[in-house]
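By written order: A, B and C. Residues from 1 in each chain.
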Amino acid sequence: MTAVVEVRGLRFRYPDGTQALNGIDFTLRAGETVALFGANGSGKTTFVLHLNGLLTGEGFISICGEPLSKNNLAKIRAKVGMVFQDADEQLFLPTVLEDVAFGPANQGLSAQAANARAREMLDHVGMASALDKAPYHLSAGEKRRVALAGVLAMDPEILVLDEPTTFLDPPGRRDLVKLLKALPQAKLLATHDVSLAREIATRAVFFEKGKVAGEGPIDEIAERFNWTPEGT
Amino acid sequence: MHHVVVERWSRLDSFLHSLDARVKFGALLVFLIAVSTTPVTAQLAFGAYAVLLAVAALGSRLPLTGLLSRAALVLPFTGTFALMTWWAGNPERALALAEKSFLSGFAALLLIGTTPLTKLVAGLDSLGAPRALLLVIQFLYRYLFVISEEAQHMRMAASSRMGSAVGGRRMAAGAVGVLFARSSERAEGIYQAMLARGFQGHYPMAAPPSIMPRDAIFFASTLVFCAAVRFAL
Amino acid sequence: MHIPDGFLSPSVWAPLDIAALPGVAWVARRARLETEDRSIPLMGVMGAFVFAAQMINFPVGLGTSGHLVGGALLSIALGPAAASVVMTAILVVQAFVFQDGGIMALGANVFNMAIAGVLAGYIPYRFLNARWRTGAIFFAGMLSVLTSALLALSELWVSGVRLPNDLPLWLTLGLFVLNGLLEGAITVAAVGAIGRLNPTWIQQPEPSNARAKAVFASAALLLVVFGILLASEAPDAIQRLTNISLPEVSSAWLHKAGAGLGGMALIFVACALTSRFFARRQRSA
């Protein structure tokens, strides 16, 4: 399988001096779903923000064979669809339809075409009835699905999701998992939800203090690093 | 805050709701100008304006008691000045002050009660209002309830630690600080989410639908009525 | 001090409304020039923040509490142009969604609070910050609120809205000053708390020099001149009290409108000069 994400020796230091990433090597292959585990502050989110150029560190990153640089950010951001942890920050336009159409509109589609694509994606995630609603009136699960639709509308090859199951009630979580399972894109999930990983991921990568401390099958990693809520 | 009544009203359905936002805004301006320029002695005119508003209220299908009580919110402030004007020896002006401000408030309420703010903003944009300001208003409105809820949670958390509803000054300042911090970080998160979806500097602004004949008729009749009342009564 | 509709006479609200649109458009352009691309969501969110912050009670003793108005705080955190845009957005939302302040009166309220109030909240900070930080912030808060209140009162006065002659002047002035002191204290507390969390959130203006002081003096002088222009309308207003109807279309109307517009023009010129000066200083840094 081809590698859609390749990272070699990624290092990143925050302006206040914290060395957040200490040399990360990582590969994501087409169609794979990988879970990123690690304590808060271990660098998971910082790492993930490098994959679409929101943060720039030292080292090598290539997306679908193209190295990341200042000049191809638009293309990269169309290929890497990122769903952020805070859905309220992601749905910033007045109505659901406008928000989901934002991505395609930025890709150059006409207003009509962007709206059509948005409708299609909202239908796909089961939120077609919410077209004219304001994001404030949606539940956490609904917001998450709309955010996903907004990202899918750009036709990405890779999906990156940061803590996708936080604040979801059981039905909301069920719906999201079903949706994610059916999506063909390569997926990277930064998550604390080990059972989510067991359900949809094939391997796990464990972050510790800005480095990859281990990778392998979910259960093996969870046991090795004592990473289950129930304990051993 | 989620339950801002006027916001809920604006999403209902009625004749007034179905009219174009720009036309309603224009009609409101016409009405406000007429009321403002009406001489203080023209009590008949004020009566006629009230009739117009009553008809419009019927066409809005909004609850009358709700409308009246919300419009009456301006009365304490107005009442104080009206009383002072009365005391200063000008009862006519005092009465006119109360009437003008109540009528104006009621009319503005009809506009906002039948027009979602986002539609109004889109309408104003097509009329040429400064776009940067309208975009800021849109973002403000989008996050108004989110951040206000955060503030409310903080108040609750603080008061459950204090025992009285009023916390200390230092706690209040701390709360403002934390709220600012969260807002600042939120703004950064929004910007990142925008970049992640390919933002290039162009903000989308919905285009309002075209003006229908009924919109034009509504505006024209409001204009004619107000002009007639203003200059004839 | 949000003025509702029905209070101001057309000769007051009309020129202010007419001048407000290009004025706000100009300030909006400046705001985007002074901050980067992320400015619009930031300004929107900061507006929402001020709304929410106004809900937080600051106890002032004797069982009462006050709350932040925010013009000075915004000026200090975002700079005057962005602060003006945010305050304008807040006033528009307050007028339309919360019926706080009139719609025809928006021009006046925007001028009082979003332009004059913000500028008055920035100038003390800009020029006193280096020598006496707490004092600078305190005066910024106080002057911001005092300026808005005084302008509002002048506009009401010119429109013929009277306080009874028996009401002692010192009581009214005293209330104003108390309000100003309150805002000053709250702004100091709030800026302090914000700065402790992250100093970069508060703009640090450069220390002033003679040229800066000259610009400050002229801006202040122009504000005073405008105030005098407004107040000089007072004799006309007193005459009107004895007449029953307001002269709506007459030479008096045109005269007042002219004075109002003239005053507005002076203020805008002052703001333009001041901001161009600031921008030049920042770019040369």
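Here is the rule we use: contacts are C-beta pairs under 8 Å (C-beta built on N, C-alpha and C of every residue); 3 or more make two chains touch, one makes a residue touch a chain.
Note that the coordinates shown come from a computational prediction; the quantities given were computed from them, not determined experimentally.
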Exercise. For which pair of chains is the number of C-beta contacts greatest?
Worked result: B-C
Exercise. Based on the averaged CA atom positions, which chain is farthest from chain B?
Worked result: A
Problem set entry | Innermost chain, where centres are averages of C-alpha coordinates | B
Exercise. When the C-alpha atoms of chain A and chain B are each averaged to a single point, how far apart are the two points in Å?
Worked result: 39
For this session: Could you grab the centroid distance between chain B and chain C? Build each centroid from C-alpha atoms only and quote it in angstrom.
Result: 21
Exercise. What is the distance, in whole Å, between the centres of chain A and chain C, each centre taken as the mean of its C-alpha atoms?
Worked result: 45
Problem set entry | chain A: positions in contact with at least two other chains | 92
For this session: Could you tell me which residues belong to chain C and also touch two or more other chains?
Result: 41
Seminar exercise, completed: Residue numbers in chain B touching two or more further chains are 138-139, 141-143, 146, 186, 190, 194
Problem set entry | Touching residues (chain side chain B, partner chain C) in the complex | 4, 6-7, 28-29, 32-33, 35-37, 39-41, 70-71, 73-74, 77-78, 81, 84-85, 87-90, 92-93, 97, 99-105, 108-109, 111-112, 117, 120, 129-130, 132-133, 135-144, 146-148, 150-152, 154-155, 165-170, 172-181, 183-184, 186-188, 190-191, 194, 201, 203
For this session: Quick one: which bits of chain B touch chain A in the complex? Just the residue numbers, please.
Result: 2, 118, 138-139, 141-143, 145-146, 186, 189-190, 192-200, 202, 204, 206-207
Exercise. In their shared complex, at which residues does chain C touch chain B?
Worked result: 4-10, 13, 21, 24-25, 28-29, 31-32, 37-38, 40-49, 51-53, 55-59, 65, 68, 77, 85-86, 88-90, 92-93, 95-99, 102-104, 156, 160-165, 167, 186, 189-190, 192-194, 196-198, 201, 241, 244-246, 248
For this session: Enumerate the contact residues on chain A facing chain B in the complex.
Result: 49, 52, 54, 74, 77-78, 82, 84, 86, 88-90, 92-95, 98, 101-103, 105-107, 111, 134-136, 150-151, 154
